[in-house]
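Two complexes are shown next, each including chain A; its partner changes from chain B in the first to chain C in the second.
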Partner chain A sequence: MSRTAIEIKTKLLLKKSAGYLLRAVTLLIAVSIAAFALVSVSPVDPVQQYVLAAGGVSAEQRAELEEYWGVNDPPVQRYVNWLASLLHGELGDSLIYRRPVADIVAERFLNSLALMGLSWVMSGVIGFVLGCIMGAKRGKLADRVLKKLCLVLSSLPTFWVGLIFLMVFSVQLGWFPVGFSTPIGALSSEVTVLQRLHHMILPAFTLSFVSFASIALHTREKLIAALESDYALFARARGESERSVIMRHGLRNIMLPAVTLQFASFSELFGGSVFVENVFSYQGLGSAVAEAGLNSDVPLLLAVTLVSALFVFAGNAVADAIYGIVDPRVREGADG
Partner chain B sequence: MAEMNMRRRSALLGAIILILLAAVYAAGALMPDAAFAPDFSSSRLAPSLDHLFGTDWLGRDLLARTVKGLSVSITVGVVASLVSAVIAALVGVASAMGSRRVDAAVAWLIDLVMGVPHTILVVLISFACGRGMTGLIIGISATHWTSLARVIRAEVMQLREREFVAVSRSLGKSGPWILVNHMLPHIVPQFVVGLVLMFPHAILHEAAVSFLGFGLPPEQPAIGIILSESMSYISSGMWWPAVFPGAALVCIVLLFDRLGDSLKTLLDPYSAHE
Partner chain C sequence: MGDVILQINDLTVEFNMYDGRFSRAPLRVIDALSMTVRAGEVLAVAGSSGSGKSLLAHAILGLLPGNASAGGEMLFKGEPLTPERIRKLRGSEIALVPQSVSYLDPLMRVGAQVAGADRSGGAKLAMKSIFERFALSEETERLYPFQLSGGMARRVLVSTAAISGAELIIADEPTPGMTLEQAVEALRVFRELADEGRAVVLITHDVDLACAFADRIAVFYAGTTVETASAEEFRAGESALRHPYSRALWRALPQNGFEPIPGRQPYAGSLPDGCLFAPRCPMATDECRSGRIPMRELRGGEVRCIHAT
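Let's turn to the complex of A and B:
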């Protein structure tokens, strides 16, 4: 590659990254406006809630709180103030936990990330393998049974699946602990990786259970389309075995959409984690959002909303980027 | 069955499902509150012939509570889907027929709604409305319209390029006239199928959000609330409050799904040629 070509490539990459950054910033601003507006119209008064939760609050503290929330300012002014303190890294104090929201979010995000990551890999692998089996055996009994099963599975509510799993595997069989991301009473420094994993497997499996069916159905469609294409027909005419057609022409064509679809599903993943974390009392962002909403912990609720939007955006951006890097058609298109 | 073609079979299946769903709804709506009144002498009973789904810790009959809850779910699901589908139609048509700026604004709005996980958005909206049924319906309506809006936008965009629209335009018909007379008949089937396929999602969302505690108040019989209560009793071996109401919910959701599929077959003009 000549020097100028490389320069053009870097320029293009920079332009693309700048575009992503701009989109991320505008999206976050829009989400923050929408979330702030929703919280503002709520009949719940944050200062009153804080005073109620804290018990004895001096008049000065109350004035400070009122200043922080700008109770007496017009809504736009209030939003600008909130955004300004947000940009200074001050997310406020959580009402329920009486600690800075930033600390809580950071700690819980790591927990949620571990749970979602494990489930994400599980659902991707199970879904892809199942989809390939169905596609390879298309029209046969195994395909028909699995397809029906997947259709039913994809309409099961997450929280109910969690309840049933909890009942069967934790209570009846005793294979897994009932809830909590770590053993109760243990110091966080004493918890081993193995214990954490033991507590995470059932919630993660529940979370993946809801999404692998749709991945499997999608993979099946794509594989069948690839196997019924002209190039697959030609490969068979050349004398390639069915197995080699699937391995060399089918799988290679469906890998990319499967991976990008997985990245684009971060929204459902996060949404599902809210329910799973609540059923299993897992200490992540999802259980934090429910607690924050039920106890009117406005700072925490707003923070989790922003983090979730950023998380979904990151997933979509990665999906976009993978297409740009791997798929030659999109890559060429970007140049022109 | 063997002599029927796909269309007849779909029509028959759809009608049976519709009757079934209407029966569940009517049974719940007409049920007197006495049917699930607390009865402490018969609390925590396992399923039997007297109480097919068993009773909860207050001695309330779980079958009655489940049916009542399902009828509430169906109401919320149908209302929210209707609102959502109307929003989708309006937004979709506006973005296809309006100026470029309107189209860009709609695309941006869709990105915004899809940019936050639905669960979080519904929780926020429910919080804004001070919880309860209204917040639930607004929340579900506000999150479900995006994909149908995209479908309708694409459909209208395609119709705009068709010959009969071009002819109509050169004959001097106005934009709104063309929209009503030439485009709406093409959009209606998409709209109806989209609407019916939205029901199961809306019903699941209702149950899920009530489960988290943001939807219906605890005294209201709702599947989400029964299941949320059942969590406290799982470790004591009370399995029936978790199993049966949840399974009933799944059945209703699958029935609505099936209904949507049948409708899709019926509205597809190609299935008539079979």
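Let's turn to the complex of A and C:
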């Protein structure tokens, strides 16, 4: 590659990165406004929550609290105040945990990331392999059985699957712990990686149940379309076996959409994790957001909202960027 | 004359169509088609769009879609083309030159596709010499199909057939979208391949080009052949032709009066009883409408018409 070509590529890369950054910032602003507005009009009342927790607060003290938190300021001013402290890196203290929100979010996010990551890989691999089997055997018995199974699985509610798994694998068989992300009563410094993994497997499997059936069905459709395409027909005409057509042409053409779909599925993944973490009492972001909502912990609720928005955005951005890097039609088309 | 490479007797192709909600009715798109191709000749199969010409190519190669089935007899070098046999012959003894660049894998470099699944060095070497012959530069190997120009794509597709060393080449509409020069160039390649001793079936709707490069022309109408004539006869004009449809086709050429045929080709599924061309034929009599007309020999060619002389 010539020097100028490298310069052009670098410039293009910088331009793209700047574009993603701009989109991320505008998205966060929009999400924060929407979340703030929703909290403002909802019955969520941090003062009431504080009063309940502290107990025996007089009317004067209550008024002082309201003054301190600026509850009676106009919403726009409250938003500006909150945004200003956010820009200073100050997310506030959680009302239920009495600890800085940033610490809680960081800790919970790592737990959730491990859970979602494991389930993401499981659902992607299981879904893709199942989809390829169905596509390759299209119309045959294996395809018909697996397809019906996938249709049933994809219509099961996550929390119900979680409860069934808990009953079967944790309570009756005793293979996995009944809940939490670490053994009960153990200090977090003493918990081993193996113990964490042991706690994570069942919730991760439950979470992957939400998506692998739909991934499998999607992969099946894509593979069938590829195997009925003109280029597959021509490959057969040139003497390639069915196996070679699938391996050489089918997989090549369905891999990219499968990977990008998988990255674009972060929003369903996070949505599913809220159910799963609650069913399994898993200490992640999903259970944190439910606790924050139920207990009027506004600082924590807003912080989790922003973090999850950024998380989903990152997934979509990666899905978008992969096309530019992997697909020759985009990659080499940009050169000419 | 060379040996008979491909002989087709009474080929039928039917689609299983859902008729209403529960019943299935076969839709016959190719009916009673017979033809013979010899080594060293180019047989053009000419007819208008929608007459089932591409299906003929796919039927020979055993690549009909799942809901279609073929009947009749196909012989390759005198032996029946069973599904097992065609699977072995595809790509090695029988090659397809498809219609467009969409028949190339969009995500695979051209070189890898032309050389094929065969990873031996021989295939690559053969490709290099074939590319040189078709004036395709070495860079072409590393291009993706979307980067090919129309003419390059055409030459790449032809090169896959040339590289295979197949004795029978079936070219499915190889010229649409090309300039006249490119089309002439492409057909010259097929002529050369035939002159090397291969048999070429050239499926086309371009009667002019077929006349210039083919040895014989089979006229295709509503799913079957109505006449087989030599290219000279087509060049000689109307009076040398046998079937009223062939004559009408000849008159419809720009240099011969540009005179369209009234009416339209019947659709599969609503074919007339008797002669398929009768509804549009000026010579049609009651006899023409009473039953299917068989192919018969006439003046060194073949015709499916009782009035032809």
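One rule holds for everything that comes next: the second predicted complex is superposed on the first by the 313 of 336 C-alpha atoms of A that agree within 3 Å, B and C clash if a C-alpha of one lies under 4 Å from a C-alpha of the other, contacts with A are read in each partner's own complex, and residues count from 1 in each chain.
Here, a residue touches a chain if its C-beta (ideal position, glycine included) is under 8 Å from a C-beta of that chain, and two chains touch if they have at least 3 such contacts.
Computed from a predicted model, the values in this text were never measured in an experiment.
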Which superposed partner A:244 touches (first chain B, second chain C, both, neither): second
Chain B versus chain C as contact partner of A:236, first or second or both or neither: second
Which superposed partner A:301 touches (first chain B, second chain C, both, neither): first
Touched partner set for A:130, first chain B, second chain C, both or neither: neither
Which of chain B and chain C A:167 touches, first, second, both or neither: first
First (chain B), second (chain C), both or neither touched by A:146: neither
Chain C versus chain B, contacts on chain A by residue: B
Touching both chain B and chain C, residues of chain A: none
Chain B-touching residues of chain A, taken from the complex the two chains share: 27, 30-31, 34-35, 38-39, 41-44, 151-152, 155-160, 163-164, 166-167, 171, 178, 267-268, 270-271, 274-275, 278-279, 289-290, 293-294, 296, 301, 304-305, 308-309, 312-313
Parts of chain A lying in touch with chain C, wherever the complex brings them together: 139, 228-231, 233-240, 244, 248-249, 252-253, 256, 327-329, 332-333, 336
Residues of chain C defined as touching chain A within the complex: 58, 61, 63, 65-66, 90-92, 95-96, 98, 100, 102-108, 116-117, 144, 146-147, 160, 164
Residues of chain B defined as touching chain A within the complex: 108, 111-112, 114-120, 123-130, 200, 204, 207-208, 211-214, 227, 230-231, 234-235, 237, 239, 242-243, 246, 249-250, 253-254, 257
